[in-house]
């Protein structure tokens, strides 16, 4: 990047550069990968699953007090990559939006509505001066009770959001995406993926891109299932899936 | 562009350059083409039609969760090109303005009123400091029940709007415009264009400038018809039109 | 313009340069001519007339949806040259001011009051920071029912306004002004100019400076007459006047 | 002016330069002379008089719609030199202040009170940031009914004001001041100057510095007289005085 | 002053330079001397006196309309040196503060309270951004009815104030201070200075530093005396004192 | 750090640098170590302990008036490293948040809730312009009455927080962390650490990294115990523990 | 100080430099010493004492109107070094805070509470933009009626405060501190310092660092004693102590 083209344009949150770019948004994307984490989400047929590494930056940290998997409300939950403090702020807002929706509409906020709402909030940070964008990307999963469908959404600092069949965010996003595409291409319509199959693909993908075999304590796995529930899998459940994966190979 | 003429003037949203230009508005236009999409609108005799490529940036995206065709209210709908997050904000505002009009006037907001209202909002972003212009251009169609006329409008970041017989926005705007002009010149007053003829020209134009033959899943087609209705054509309907086009050639 | 004298002073809307100039106002004047249009106004004895080219920037535009002649209220109307979006904002405000006056005073806002009010609003943009000046100049005509006089005013971004016997704005302003001065010098007090004579001079002047013979569809002509009326002439009426002009030459 | 001493200090309205100067105020003074006009005021014994050139910048302007002589209220009136749009704003405010005073105090605002009030408003523009100073100087005349004295005041962008026996503003201010000083030195206490003598000196001074013999249509003359009245002299009255002047020479 | 040490620090009203200086306050002091005036105050035993030159910048100015001596309220009055418009603003505020005090406390505001209040207001201009300091210094005199003492205070743009036995402000401040110190050193406790002795020293000092013999019309003299009164001496009274001075020498 | 990469980005509190960093937050971390202090926290089985050096910057300071150990409310307390004035502000806010929580929830604010609340407040300073981040890091301890667990949290200017088994902040943070990791690795599950064992490790660690043997007056030790209590150990209690440590070695 | 490290960071009140410093606070410290004054405070056993030079900048100043010793309320009082106008503002605020406390709590504000409150106010000026820090340091003394202890606190622009046994501020702070440390080291626990002993040390210290023998009129001495009283010593009392000091040497 030459000085001539960016100097000045990248210090104001809400102006366009001569090429029509919003530099501050692009820089916020850089912040997402600073923690070096990768998260993977997969949408199965009756269940969506999320997996993220549980990297404790300091051995003295009480691992129980740290989690990158957040229950938001109803069947919705998320993993967030990026600045740690911004992650908490992101989740605080997501929970507030959920409570607000539930109160107004008297039914649980659907996962797609939540993702769109969070993206709308992110867009405002890119258009109005003052507050900077949050340096985080998130994967949100939930279960759509009306259409009997698990859902999987991704949000980022640009205010973009979309539903996905499978998706990755963070440091190894590109490699994970390639791996997921290959795997999904092979999936036939007859295969019906429940909790285990969905979580298995998510974990396999993460193991593949990190190139290591996980212990249950090294990852966090969460699922949204048809019983309108979002929950983090216990270490035993994760162990069981890891065994299946190990045996398969 | 020399530094001497633009440095400084293009970093403030609402000041004139020495030549009387508003640089930030010009840069916002650049943002419109960043997605590389092209959209085409055609006004027939009983129907207006819009067509836009359905380019899914990522194979893992759930194509159903993504659409660049938006129903706004009554017979009005739009396609939007440009920054994805800004598109959603644009549509959110258009829907709000429509609801507001309907509530106050007790009849559906006409398409031209909507286009002028959205253009007025865009003009404010070019005159008052603070909020940047939205990096999007839109084609709005609707059916004027009073005059029994289909309508087609275009809006952009400068706050300009006009009604069109046919129009294109996005990456291949120039080529599409030339093609449309040629086609419309040949149209005789006897020809009465209904849904199919209108949609056919829109799709043909897009196929021409992209230089590819579409499958129904690769484009989104929407129409506003005299029954005060805006709807997106189903894949079968699109297939049918694509077949007609293929046979004609 | 040397950098030394303008750098810095021309980026703030409301500060004086060392020579006592307001650069942002001067740059706004540049914006007026960007469309390349010229408009001419003439005040006759029982009627004022405006004429402006109808240049459609794009052959696909629905010419009916575009007009640079605006009815404001009562016998008042205007043509506006300059940025398209700013023109609409200018007229929106003029209509609001007219409604406001009519409501408060219970009689139609006179043309001169309207011109002064619009100039006062423009002056504020040159004195207070924040909002930029509108990049437009306007010709306002109306009929003063009290003094039985047609009126013709001009406003611009500096907040200046004055009544005129004949006046031009836009790209060919200087040539048109010279032509009008010559014609008015020859007018005798016996000549009484009604609608046709007034419109004729306006059209002749525009034809002279554009150096082309117009078709009715290529110009818009509007008049304010003693029956407290502002109206745009129909194509037939314009045709008739064009014929007179052609025969005279 | 060297860059070293002014750069930066002259772009903010309300900061002192290292020499204790307020550059923006000095630049506003430059704006006063841009129109090239000169105005002269003289205080006689029963009457104050103002004279200003009637320079119409454009032959097509309706001279009747332009005047630099403004009635403000009661016996008070003014001529204003400088930016045209700022002049109107200045007078608008002066009229508002007069109405306000009259309403609160139930007698006509005296000329000196008005001048001090307008100067106080001007001072605020030099002390508080935001709004720029008005680029105008004014001469205000009025008749003090309590002391049976005609009054003559001058205001400028610095917020300075004072009463004068005779005074000039504008392009030829220095020459006019010298001429007035010479004339007033010769005046004896026995001479009692009424309307004609006062207006005569004002016009003579203007003729002297412009070095031309005026026609009545080329100047505007206004007087404030003991009958609590401010009025502009008719062309006949001006003609009469011009004749006296011509005969005297 | 080198650029390195002041550049930047002196363009913001309320920041410290690296040496702990407030440049804008220092520049405001420069503005005090721009008029070239000097004022002298002396505190006698039953009376305080002020004297200031009456320099009329323009021979045509009505000398009666100009005074640098201002009655503020009760026995308090002041002379102000510096920017003319700022002086009026200073006095307007002092009068307002006096009225406010009188209303709240039901007795005349003492001179020292007034000086401290005006200094407190000046300090705010040096600490909070926005409004610049007033470019004036003042001498305030009054009579303390409770302690039966005449008072003499000085205020300046830094917010500093103190009571004085004798003091000078303005262009010749240093010379006047030296002269006053010499004279006061010779004063014995037996000498009781009333109105004449006090005014005499003030005038003598001014004559000394200006090196000229004044006529009564060339100076303004004001006194605050034990009868709770502030008044300007008439020309006859001044003449009488000038004669005493002339005879003494 | 090269100028090219940081210049400009590090002078605004809430913008991202091109690498996605928030420079102002990084600079705030530098402020934490300026006092040269180190604090250590250890979570035992029934008790959490904090220790910090009592370095009195000036021998004349009344040591009793200075403490870096703060009781916050209930069993919660903290030590704070960094700017002294910011420390007081940090504690003032923590106490306010505690009172607020207690009032709303009618039970003592748990230590983890307090840490998260303080981190949320810190995050706001990194996202919104205006107020700078506090230049402090803190260790907060408390006793979780519900889970019968002592707690230990750390907060910093980035808005990050986590629970710890043992942790250090300040100048010797790295050395202390290494020492603590070694010690904790050796701890067996059978060992149950009460007040003395916990405080002993904290003090030993501090002695190790400072490389000095403390007198009771040279350190401050505080504990949070199961009786819902936060208290600072008396000199006698500290003496006792120091003796144990000395004997052990 | 190199330009590279400070340029830019020191012109904004509330941003950190790359080293974690707040330059504007450091510059405010420079302002404290500009008056060249030194003040000394000593805490005895039944009394705290303050002494400060009475340097009258101008022989003409009425020495009675100037004092750097301020009674604040109850037994609390202070001396303030630094910008004169800021000193008055500091005391105004301290008095307001005292009144406010007394009204809310119905007992006199203790000295330590006052010092912490003033420090908290100073911290805000270092964290929030807009208002600059006050360029003053203060010594506050009082008598703690509850613990029967005299108190002595110091505040400065950084928001730091602490209790002291003895302390100095201003130009000769370092020398005075060294002298005080030596003297206090020699003090035995048997020595009980009352008013005289306490004041004696304070004065001796000041005499030592200024290297001159004072006359009573050259210093101001104030004490806070157990009868809940703050008072300035009379010249006779000071004379008496000076005599004791002189005899001792």
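So that you can tell them apart, the chains are marked A, B, C, D, E, F and G in the order they are listed, and the count of residues begins at 1 in each.
We take it that a residue touches a chain if its C-beta (ideal position, glycine included) is under 8 Å from a C-beta of that chain, and two chains touch if they have at least 3 such contacts.
Keep in mind that what you see is a predicted model, and the values were worked out from it rather than measured.
Here the CA centre of chain D is 72 Å from the CA centre of chain F. Between chain E and chain F, the centres computed from C-alpha atoms are 58 Å apart. Residue positions 12 of chain F each touch two or more of the other chains.
Taken together, the touching pairs link the chains into one ring where each has two partners. The chains touch one another in a closed ring; read from chain D in the direction of chain E, their sequence is D, E, G, F, A, B, C.
Those residues of chain B that touch chain A in the shared complex are 1, 3, 6, 10-13, 23-24, 27-34, 58-62, 64-66, 83-86, 88-89, 92, 130-135. Residues of chain F that touch chain A in their complex: 4, 8-9, 12, 14-21, 43, 112, 116, 119-120, 122-123, 126-129, 152-153, 158-160, 162-167, 177, 180-181, 184.
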